[in-house]
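Shared between the two complexes below is chain A, which has chain B as its partner in the first and chain C in the second.
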Partner chain A sequence: MNAVPGAGASRRAVLALLFPIMLVNLIGFIVPMLNLGLLSFKEALTGGGIGEKFTLANWVTLVTDDFNRELLLNSVGVSLAITVAALVLSYPIALYIQRAEGLWRSILIVLVISPLLTSAVVRTYGWVVILSDQGGLPSLLNAIGLTAPRMIFNTTGVIVGLTEILMPYMIVSLLAGFGRLDPRLEEAAATLGASPIQSFWRVVFPLTLPGVALGCLLVFVLSVSSFITPKLLGGGRVFLLATEIYDQAIVTLNWPLAATLSILVLVLFGLVLVVYGRAVAALD
Partner chain B sequence: MSLDAIGSVGGSHAPGEAGYLSIEALSKHHGAARSVDSLSLSIEKGELVALLGPSGCGKTTTLRMIAGLTPATSGRILVAGNEVTAVPTHKRDMGLVFQSYALFPHLTIAQNVAFGLEMRRLPRVEIRTRVAAALEMVHLSGREDRKPSQLSGGQQQRVALARALVIKPSILLLDEPLSNLDAKLRDEMRNEIRDIQTRLGITAVFVTHDQVEALAMCDKVAVMEAGRLSQVGTPEDVYERPANPFVASFVGRINRVAVEGRGNNAVAFQDQLFRTEHSVIGPATMMVRPHRVAIGTDDGARSGTANSLRGHVVRVTYVGDLLQYDVDIGGTSFMVEAATRGIAAAFRVRDAVRLEWQPADTLVFGAAP
Partner chain C sequence: MKTSIKYACLVAGALTLAGPVAAQTVVTVGGYGELFAEKYKKAVIDRFNESQKEVRVEYYAIGSSAQILGNLRAQKSAPQLDLAVLDISVSKAGTDEGLFDKIDETVSKRVADLNPQARLEGAAGIGFTLDNVVMLYSKKQFATAPTSWSAMWDPALRNKVTVSAPPEILGLALSIVVDKMEGGTDFKASTAKGLAKLAELAPNVLTFDPKPDAYAPILSNQASLGVGWNARAQYFADQPDSNLGVVLPKEGSIFQINTLNLVKNRPSGEAATKFLDYALSPEAQIAFAKEVAYAPTNMKAVVPEEIAKRTAAGAPERMIAVNALDLAAVRDRIVQEWRRSVISRK
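And now, the complex of A and B:
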């Protein structure tokens, strides 16, 4: 490992080694993104055609069209709800795994990751079975005399399904961020007179914030961009950015608007990354 | 600001009762294994007592049971006559200094020290005063706003000490507090901890595997072996009058030879009689500390009352202030230590020598006659 960046020959070697992946990124990512950006300023013709003229019309509709504004707010709102739900449900699990030892810990981690081995489509259909009107959960609620609210083909269904599907990412992120959590610290807090609850809020929770930030970033981004689950569990009645991009690109064949919405999502992710960077910097 | 802001520590305790901290038949079993086995120990108010033993002897487990971090299988712990065995840690009012310091990495030095006071919901002004006094006590004034990671190991150790003392705990527990420090710093912290403990008059239990630390710092030393107490006594007691060969060999280097007890303050080794202050019969162990043995030329005159052995030098180790000789005495190796007084006095390998030591320095363990 003698390669010191900036040291003549070795710098050239580093660039040479980086060249293949830079080329792949250029062809596979940068050029298409630029293309997409370009497309968002093109005119959409009826029947799926793309006009030659440049126009700001697509971007103007984002602000003027109530539906498009609602799409953005809906997407952010639903994704935030999913992020919070996944965090609240995952945190105790992650904390328990963090404290488990040996084989039991390995088994738990495999159990957490194993849902990722199944396609999200299959898992979403699982939720359809559970949440649909004649499905498991409503039947159960009705059987014990409660009136089951509608839990599928609405926002509730999307939130329930995506929360479960994204929880493994949250748990793994939390575990990755729990590095500074030393059981001695809680013992020290106890000897100083902190009850278990005080010890959690004053010592454990602050030390897990890097993991919390990472998990929230990941789950938020994944839920904004996930499309299959909202499509299936939303039943065409929940309008989110990702599903709308699909509809515009595949159903309506309005590629310029789809491109505009895609760029909007990219900008949103950029903002989220800035917030995450600030949060992590503040934690250090 | 002075130490008065820290003030004296601990509750009132009438003298004459069983110790201020009293441990009665304390045990910790893990299935069949007994990491602490029926340990009883009484500590007076203001005493610094060492729990000394090799790793795995149960000394840290004992400390953790006193702090309430590990539940006891059986037995009782009393502080000032009140049983605390079932009291949870956060209500026990004991200060613990961890081997790894266990400072809160996300809090500043001042916030670390203030933690225990905030848990006690003291007024802000008082917290500030006491934190400042505690940091001054450990010479860390001016570092209030640093994070623990910005301090050296020795400084972190001082913060841990200040954090444990600022709450005026009834008992201060120290778990190998010096073992992560380098040798020079260790000596310094040793004196500092002892000074602070004496000034505050706080009752303290000090866990260590280092006999020098235990002997140098503590009023009493409790030597543990395999979950049991081997001996409790002053540093002089355990060093000069060890209760058994384990204690004798654990608190310092010592020679050990198998002998035959003959009663009447005499033991036999290689057809030679040795005088001692103990009378034993049958197979026994004779132990002599290397620095209590005088080494001289073989033809030197024998002093009247001393025990004496002849042998020849097989190894000389020069360690600066000491010369360590390994002397072969008819197939058995015997260690001798002599202060260096210029190189001329040193014996060399294969030199024939005579070893002499006093009967009072001849420890013998065996069956009583």
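And now, the complex of A and C:
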């Protein structure tokens, strides 16, 4: 192998350019993560103190406690439900925006993104007003003679609230992934006798899968780590990893267990990224 | 040249005038935010600062006990706070981690005048004010104030009760009170009777985690009954046209003890004890009780009757003695029982 002339200098330049961001990541991410890992092996004292001894007790609790398994399953289940709901509701909107033109398209994109300018807390309280017993939706159902089920302070409330809050991310991701969509392909499919439904499932949808994968990844990860909306809309009945980490860290002061659960979330994100990477590779 | 001399004289004069101010030692107190911070500054800290020249107290509203402990942990090698306000159980946690110097009679002679409940074996901090668990009710729903915790089980109040589930202290306290109400004798051994009764409460519960606090659902007419802390409840009840009422039910309640903690290796050194001494004095504690309904811990602090009625000091016989360490020891068990048999009930 012959070295490429100037390759060493070029590598040094790349490393020099990368150095600032590597330093920021080291201080802002790697060191705190290592600290978190270390904390997960510390002893949690009765009453909330952190002991000096190292122990595997937190990890044993994580694996053996049925409640922690339930937390993981709940978090994954609720986040999957939110991801599917956000995809189903966002896809037609994104497709419509993709096909819109000129100023109208810009207006629609601004409308989609504008909720992100409002705090998630404010939007969540909006859902409290809409979904509570005296709120708009139950009152409407009661007015037409239906008995409104409880729509807030349970899993339904969390799914409804988070789906709406995360939809802009899904729509923007879908639009970013719709680049390969070419209207001429649909025209060609129609010319060859495909019905609109066949054309959608066999031409449009496969071409938009990269956007779907990106949107699902983003919404799933954001739902697993969402804390405020489940806390406000869950009514203490919905047990998720993020809310449990809060309770352990802030209420019971069990920082070692909170650190252990945080690492579990990190591992979950790692697994999701692996699945996403493989899905994207398969699509390409 | 003359101008330079003039300026030099001015600067020297200014420095002379600023002399006494510069000699002040600043004592930094980190404590709860919002209502507590506002009222404590007004009733206690401002008066202390006005009363003497050597020490000046600055209060930093940090937030909850857990957030204050988080600050103290982060500052362990170079503390910025001199005194920290913490719930007594968190004071014990900080003591176990070596964050505090012990407060006893050698630090302040006033410690001898305090209610025995103000001290906890193994905790370095000392109780300087007491709050207690109360039942909140909507005046729109109840023409006369309910007198018993059992009002929460009324079938007519379906989805109209809010309860903060454990591990929140309010939920732990409710478990102990209801267990005693149902004939339980020792919560350390078992709270099964109380939990069985609380499981029957589940259909009436609107939320097990009222947000932003226990008072909002009643103030906004979403709920009719709830469980909260006395001082804040009294404050909301005092607001014009408030629909929130406060009751210390006949079956009793438990105290929540707020402690002051002397931070180890604190920057102000002994100056912090001067403020600590003032904070434990009858004068400061009565002033704070008048400002907002926190009961004093100094037994020499005699509050006027109309103020006493608004705190647990007006009905000491109703208070159930609970050691914060005993409560911490059974917390996980109670949390699990709530999750298994109370919250999961429809």
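Basically, the second predicted complex is superposed on the first by the 278 of 284 C-alpha atoms of A that agree within 3 Å, B and C clash if a C-alpha of one lies under 4 Å from a C-alpha of the other, contacts with A are read in each partner's own complex, and residues count from 1 in each chain.
Here is the rule we go by: contacts are C-beta pairs under 8 Å (C-beta built on N, C-alpha and C of every residue); 3 or more make two chains touch, one makes a residue touch a chain.
Predicted, not measured: the structure shown is a model, and the values here were computed from it.
Enquirer: Judging by the criteria at the top, classify the pair chain B and chain C on chain A as clash or fit.
Expert: They fit: once the shared chain is superposed, the two partners occupy separate space.
Enquirer: Under the stated touch criterion, which partner chain does A:25 make contact with: chain B (first), chain C (second), both, or neither?
Expert: neither
Enquirer: Pick one for A:114: touches chain B only (first), chain C only (second), both, or neither.
Expert: After superposition on chain A, A:114 lies in contact with neither partner.
Enquirer: Would you check which partner chain A:198 touches, where first means chain B only, second means chain C only, and both and neither mean what they say?
Expert: In the superposition, A:198 contacts chain B only.
Enquirer: Touch test for A:67: chain B only (first), chain C only (second), both, or neither?
Expert: Second partner only.
Enquirer: Using the touch definition from the top, say if A:10 reaches chain B (first), chain C (second), both or neither.
Expert: After superposition on chain A, A:10 lies in contact with neither partner.
Enquirer: Is A:190 contacted by the first partner chain B, the second partner chain C, both or neither?
Expert: Only chain B; A:190 stays clear of chain C.
Enquirer: After overlaying the two complexes, what is the shortest C-alpha distance between chain B and chain C, in Å?
Expert: Once the two complexes are overlaid, chain B and chain C approach no closer than 48 Å between C-alpha atoms.
Enquirer: For the complex, which residues does chain A have touching chain C?
Expert: Going through chain A, the ones touching chain C are 45-51, 67, 132-134, 150, 153, 231-232, 234-237, 239, 247, 249-253.
Enquirer: Considering the complex alone, what residue numbers of chain B touch chain A?
Expert: The touching residues are 67-69, 88-96, 98, 100, 102-106, 115-116, 119-120, 163-164, 167, 173.
Enquirer: Provide the residue numbers of chain A that touch chain B in the complex, in ascending order.
Expert: These residues of chain A touch chain B: 180, 182, 184-185, 187-196, 198-199, 202-203, 206-207, 283.
Enquirer: Once bound in the complex, which stretches of chain C touch chain A?
Expert: 64, 66-67, 69, 73, 89-90, 92-97, 159, 164-165, 167-168, 206-209, 211, 221-222, 324-325, 328-329, 331, 335-336, 339, 343
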